[in-house]
Amino acid sequence: MTETIISADIVESENEKRRAELTRDYASLGERLDRRGIAIDAIRDKVAAFKVAVPSWGVGTGGTRFARFPGAGEPRDIFDKIEDCAVIQQLTQATPKFSLHIPWDKADANRLKQAASRFGLGFDAMNSNTFSDARDQKLSYKFGSLSHADAATRQQAVEHNLECIEIGKTIGSKALTVWIGDGSNFPGQVNFTRQFERYLDAMKAVYAELPDDWRLFTEHKMYEPAFYSTVVQDWGTNYLIAQELGPKAHCLVDLGHHAPNVNIEMIVARLIQFGKLGGFHFNDSKYGDDDLDAGSIDPYRLFLIFNELVDAELNNTKGFDPAHMLDQSHNVTDPIESLMLSAIEVQRAYAAALLVDRKALEGFQDANDALMATQTLKTAYRTDVEPILAMARLDSGGAIDPVAAYRAAGYRAKVAAERPAVAGGSGGIV
Amino acid sequence: MTETIISADIVESENEKRRAELTRDYASLGERLDRRGIAIDAIRDKVAAFKVAVPSWGVGTGGTRFARFPGAGEPRDIFDKIEDCAVIQQLTQATPKFSLHIPWDKADANRLKQAASRFGLGFDAMNSNTFSDARDQKLSYKFGSLSHADAATRQQAVEHNLECIEIGKTIGSKALTVWIGDGSNFPGQVNFTRQFERYLDAMKAVYAELPDDWRLFTEHKMYEPAFYSTVVQDWGTNYLIAQELGPKAHCLVDLGHHAPNVNIEMIVARLIQFGKLGGFHFNDSKYGDDDLDAGSIDPYRLFLIFNELVDAELNNTKGFDPAHMLDQSHNVTDPIESLMLSAIEVQRAYAAALLVDRKALEGFQDANDALMATQTLKTAYRTDVEPILAMARLDSGGAIDPVAAYRAAGYRAKVAAERPAVAGGSGGIV
Amino acid sequence: MTETIISADIVESENEKRRAELTRDYASLGERLDRRGIAIDAIRDKVAAFKVAVPSWGVGTGGTRFARFPGAGEPRDIFDKIEDCAVIQQLTQATPKFSLHIPWDKADANRLKQAASRFGLGFDAMNSNTFSDARDQKLSYKFGSLSHADAATRQQAVEHNLECIEIGKTIGSKALTVWIGDGSNFPGQVNFTRQFERYLDAMKAVYAELPDDWRLFTEHKMYEPAFYSTVVQDWGTNYLIAQELGPKAHCLVDLGHHAPNVNIEMIVARLIQFGKLGGFHFNDSKYGDDDLDAGSIDPYRLFLIFNELVDAELNNTKGFDPAHMLDQSHNVTDPIESLMLSAIEVQRAYAAALLVDRKALEGFQDANDALMATQTLKTAYRTDVEPILAMARLDSGGAIDPVAAYRAAGYRAKVAAERPAVAGGSGGIV
Amino acid sequence: MTETIISADIVESENEKRRAELTRDYASLGERLDRRGIAIDAIRDKVAAFKVAVPSWGVGTGGTRFARFPGAGEPRDIFDKIEDCAVIQQLTQATPKFSLHIPWDKADANRLKQAASRFGLGFDAMNSNTFSDARDQKLSYKFGSLSHADAATRQQAVEHNLECIEIGKTIGSKALTVWIGDGSNFPGQVNFTRQFERYLDAMKAVYAELPDDWRLFTEHKMYEPAFYSTVVQDWGTNYLIAQELGPKAHCLVDLGHHAPNVNIEMIVARLIQFGKLGGFHFNDSKYGDDDLDAGSIDPYRLFLIFNELVDAELNNTKGFDPAHMLDQSHNVTDPIESLMLSAIEVQRAYAAALLVDRKALEGFQDANDALMATQTLKTAYRTDVEPILAMARLDSGGAIDPVAAYRAAGYRAKVAAERPAVAGGSGGIV
């Protein structure tokens, strides 16, 4: 049986405080939705079935190039991280899988599987790292990895990715996510074409070893850590990669990796249309790759992305099966709290998108009634679906108010006492 | 024999004033280049062979949505425009072709050919217009053209493009450029996928009628006139279009049509690598699609683009044959002056890119010597190639200083007297 | 007694259809708010008292530099515009004032006052126009107006503003809004400092004639129509102007006039803190000055701005009295519908901001509990306040669903029959 | 007598290789400038007198939040850094001063002065650091420093700044530069107004202790490390600070700290006009605060900034006396090489700006001849002033080609042998 970290009594007593109001609010919302022809229980069931993965590196406190201010009780290794992930899953019931980052999370495969299964957790995509040098690494990635000018360095990066696949096979992962920082800081530093050819060659070597039931996700990013050019700079290049590699290769969309003002939901639609959307790294941002909590800056944008996803889901679009993961940097909050609320925020966008009257929308679109079309989206977006989300959690054994339950349980103070403070870094932030 | 509009005497007397200094500067620069292993005459010959087309609509004064402030002597019709284009070609010898915009430039094909050949001019790509409604047009493009929800409106837009091909065939054009403003102003106004499917279907109908020796250029643009989404919003979508349509379809890059901060030279490199670079609309910009004079805001960026083009040229990259055209809005300058200097600015970037020591550059790149690699570009860029450009003009029968000759000839005052002032618009600005 | 344009019967019958549900939803929301310690009636009263002005030019169809696609029944003159404004006010009860733009709206003062008072409307700020040339204007603004290099042109622009004040005095306006397009398109075209000195001198001449009970609003904008530099480019320069001119001068914030990614709510806070916030031009945008409907692209941003405004209101911040106006370009919608929904969207942001638990927020801020602080805002924002807005309208004599009532009344078809279609422009868009 | 680190023989032998060509190129350029009415020697003298400071932290290898890839022979402490700075000054003769960052560069004042004077170096502005926690610091800056909600933390930050002043007084510095990362990552995390009030109060306490012959520089930055709001986010807020503090307070402009597309040269002009320009942190950037080498991405922008500076210099603008410093992050180059070339690049922009025919420019501006005005700038910018810069170096005892001399001397290999590799950070990057 699955072990829980937060005492069931605490969860129950916290839920008890809120159950009556939730029941009433759920009924009241249900009545309002019923008038719009929507069955609230069906929405709740869909939300309950919607999951988003947590990145192992997300449970540590993030930082910037200027400083990292550690929090209390930071996880010391992957096993501490698994416990933190288990808390998130226990209280939200939205995050049954977590994602490993190699080499930081390397450990004995059996121990990993055991630790995860103890809490009923599974393994999401494997993440390789060739954007920093690991201790005792033979060749440096200072000037690139999979696209490095030197063949031996590229080979080392390929082998690292193959190792990630091997680890993943033993623990039951089904995907490899490749994000690299390769690029250049100065005009002329690299030849764009030769660099991309080298990248494609290296990725073909990785792809060749990918099991048949795996998917390969490549992730584009406009800039940082490279500040003049980046090899996989946008979805155009990402699409070319997926096309060159083959049917198991798909594009991963991190919401913070685009140029200012870009219409991301449209990129999502294009990738769906051409069968190459692999999945998401959810977060939010105002300036660059700020890696803030999902939905914290522009929640309507998140909704509009889910509007595309729900559209594809309802249309049974061929090959549509995106992976969902959070990818954030928690610099000033308790990472567990941020990840719980961010998972819920993603569910919120999904739930609201499910409320869109798509038949009416299509009619307004065909009639060029822009005003009513956009109001149709707004009507769904404005609906406060919190009762649905909370009921889905409650029904699944989670907490009505995960942060309240988490704080009531005193988990952070407890691990702060157990885990000595570490000054160093908590692994890379992609 | 080709007729000239500016008196040969004036050109000659203006050149005479500058010939001695130019000769001296050319020799001095030649000596300095010789030390770098570069033969100045070879560069001059390449520059002399480099041409860029002028858009017919460029010779009228442009404007913004707030106002258009007409200039003196604006062209009243395509025949006036041809005369203005002839002046630009006469003095710069860099612009032997101009590009028609239909319906504004519609006229009897024989008269068009006659008017152009009188000045030794040829016809560049045909440009269709479905981003505004023409007088007496049956169906409006208010809600789109090639991607309109209504089949009849799409068909009308297709037929307009087919008409452009027909006109082009009679006058000797070899390409059709399609830019449309289709998109949406509000989330939900259109379904991205259905809209793009309609666009692709319409474009396939146009492509089907394209002569075998023609090319089809599609042009992407991030936004404006649509302010939430645009069908062909970036090079990723543009590439998908070219791929879907076939080998005669290529992507056109307008320098002002990208998101803030985007690395345009890298997009150019990608399109070259995948055989889909069709050509350019040159201009410069600081904020949005400002349509300022080429090289006026960020001349180094223009150089970096030409660095890619020269690289492909020297590598004999398969299928590399980009079309060059200016596309600017001249709101506060004499359009003829701006076009002359912009054509020269494009040649300047080309000339400087030819000076790059590519063997040394490749060595620095392979050695990850970022500093020396970027300095190699800077050394070429910093070289003041004006004597080369001027000598190329002089040798070809143009003016050493085209603006000085133009002003000396009093052309603007002359046409101001002949052409009555018009308050209305001067055609669309793409 | 105030005359109404939409038949009271239609409004009543439309309201009747929705009254029962509204009553129930209002009660249900009231109960939920009550649990949070909020009295819904008090919020409704504040919303009912909140007003936003409509710009006269907003009721015409807008356009871009590429095209303007007229709508049916566009207003032919200021008196048609007043009728359209009356419809907006009748159905929303949120827009009792409208704003004139001179010279387009010039008319006999008595006729203006009579036309407005017939519908119970008042006059908001006067808007001058020196960003385009009026018919028969002596000197052109092609190269600037209040900052023009030529003293006579500056004087002409000053006199135009003085005329606007004079007109305003006769009709009861209490403010002058000055937005100009002056700037430059090329580096070197103007000397920034000399140009700004000329601007300040001209504005001092305008300020000198401002009645004591008037305010002067200056409006900054990053770019467009000038594409290299703009005299009043940002809030920093705008603040300097207000400071140089004196206590009656304040800064106007148009939401679409900022650089990409800028935190506008913070600018608002700074201007409030230093006593120089004059008011707003509300709209929304994704790329540049897109002039889309308020709240249509990023509704949370609008809420965050109102979060600052409500904070200042509740703190009785000295000198805090911002003017509210819509300023949008309606290119693809019925302008009346867009303005009605935009006025409501502004009220929605205000209502939601009133729901913020400010005592709790302050506590979280002082405790550096970033997560709970931001959730406090989100809780308010997520509340669907539509029943409050609708009840405020209903209680004031407006429509529960203004667009439904408007469409039921067939107003657009009626005026389309009365007002002949015009191809020309509908006045400037600020 | 001043000690040199690079052997004079090597410098001399490297210079000898290039002297003849430089002499010839200088003469040839002199002749061309003479035709434009410019005396080359006067320009050379001005360039020779133009200096830019080097930041102590700049000689270490920089990094990103993802990784830092150390270079060989990195300085271990401030005394190593001083030696590296001495090399830069010896070869360029452009950087006689360097700037300390406290606490990293804390050391015995006498030792500091001795180390600096040994190489003829002086101390530029003092830089405080409250954007990261120093070892053994009592209160954390995780949630802010000078604007922290907690008074004791603010006081600690004030005292740190006062300590910087004290250190500076002992070593002969005359300015304090304050840049902080204070801001917020989430809407609602802080109250903008209260936070800014706290900041102003703290800064007043610092200002009160500033010696009369010192200046206080405050530096604005749009974002990073805070990703939703930043206390000193732009020049508008920076100006308010300088105004509130008093006449010794001035605004520092870091070129990479602005929103996308912002016209920085115009901000510079405004600050000059209102007597508040303190100085610069030079660097270049394409996306955010990329901290790339000055002039490496957009050299024309750097020129346009110097166009403003030269204008003010020639006009003897009251109070105009900007401080010049480099502030860059050298992630992929040898920091010494980058700093040498960046100092030269700043001089290059200055030299070119000196060549602008300002009388002609003013005439074109007054005549609204935008084309000739911008060409006047371009003519100056296009002039390859390298012979002037090299001659200024040579005449001052530096190297004609500093990078060549540096590489010939083998300095990096030498210090790599002496200084053991360190994995850790190299101090903050502002």
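Letters are used for the chains, namely A, B, C and D, taken in the order the chains are written, and counting of residues starts over at 1 for each.
Basically, contacts are C-beta pairs under 8 Å (C-beta built on N, C-alpha and C of every residue); 3 or more make two chains touch, one makes a residue touch a chain.
Computed from a prediction, not measured in an experiment: that's the story for all the values here.
Which chains lie in contact with each of chain A and chain C?
Correct list: B, D.
Specify the chain most distant from chain C by Cα centroid.
Farthest from chain C by mean C-alpha position: D.
Once you find the CA centre of chain B and the CA centre of chain D, what distance in Å lies between them?
From the centre of chain B to the centre of chain D is 39 Å.
Return the distance between the CA-based centres of chain A and chain B, expressed in whole Å.
43
Provide the list of chain B residues touching at least two other chains, using ranges where the numbers run on.
Residues 142-143, 184-187, 189, 222-223, 228, 260-261, 263, 286-287, 296-297, 300, 332-333, 368, 370-371, 374 of chain B each touch two or more of the other chains.
Give every residue of chain A touching chain D within the complex, in rising order.
Listed in rising order, the residues of chain A that touch chain D are 62-67, 69, 131-133, 140-143, 181, 184-187, 189, 222-225, 227-228, 260, 285-288, 290-293, 296-297, 329, 331-333, 428-429.
Taking the touch rule as given, give the residues of chain C at its contact with chain A in the complex, in rising order.
Interface residues on the chain C side: 21, 25, 28, 32, 35, 260-261, 263, 286-287, 296-301, 332-334, 337-338, 341, 368, 370-372, 374-375, 378, 381-384, 386, 403.
Would you tell me which residues of chain C are touching chain D in their complex?
Chain C reaches chain D through residues 142-143, 149, 184-194, 196-197, 222-223, 228-229, 233-237, 239-240, 258-263, 265-267, 269-270, 272-274, 300, 304, 307-308, 311, 361-362, 364-368, 370-371, 373-374, 376-377.
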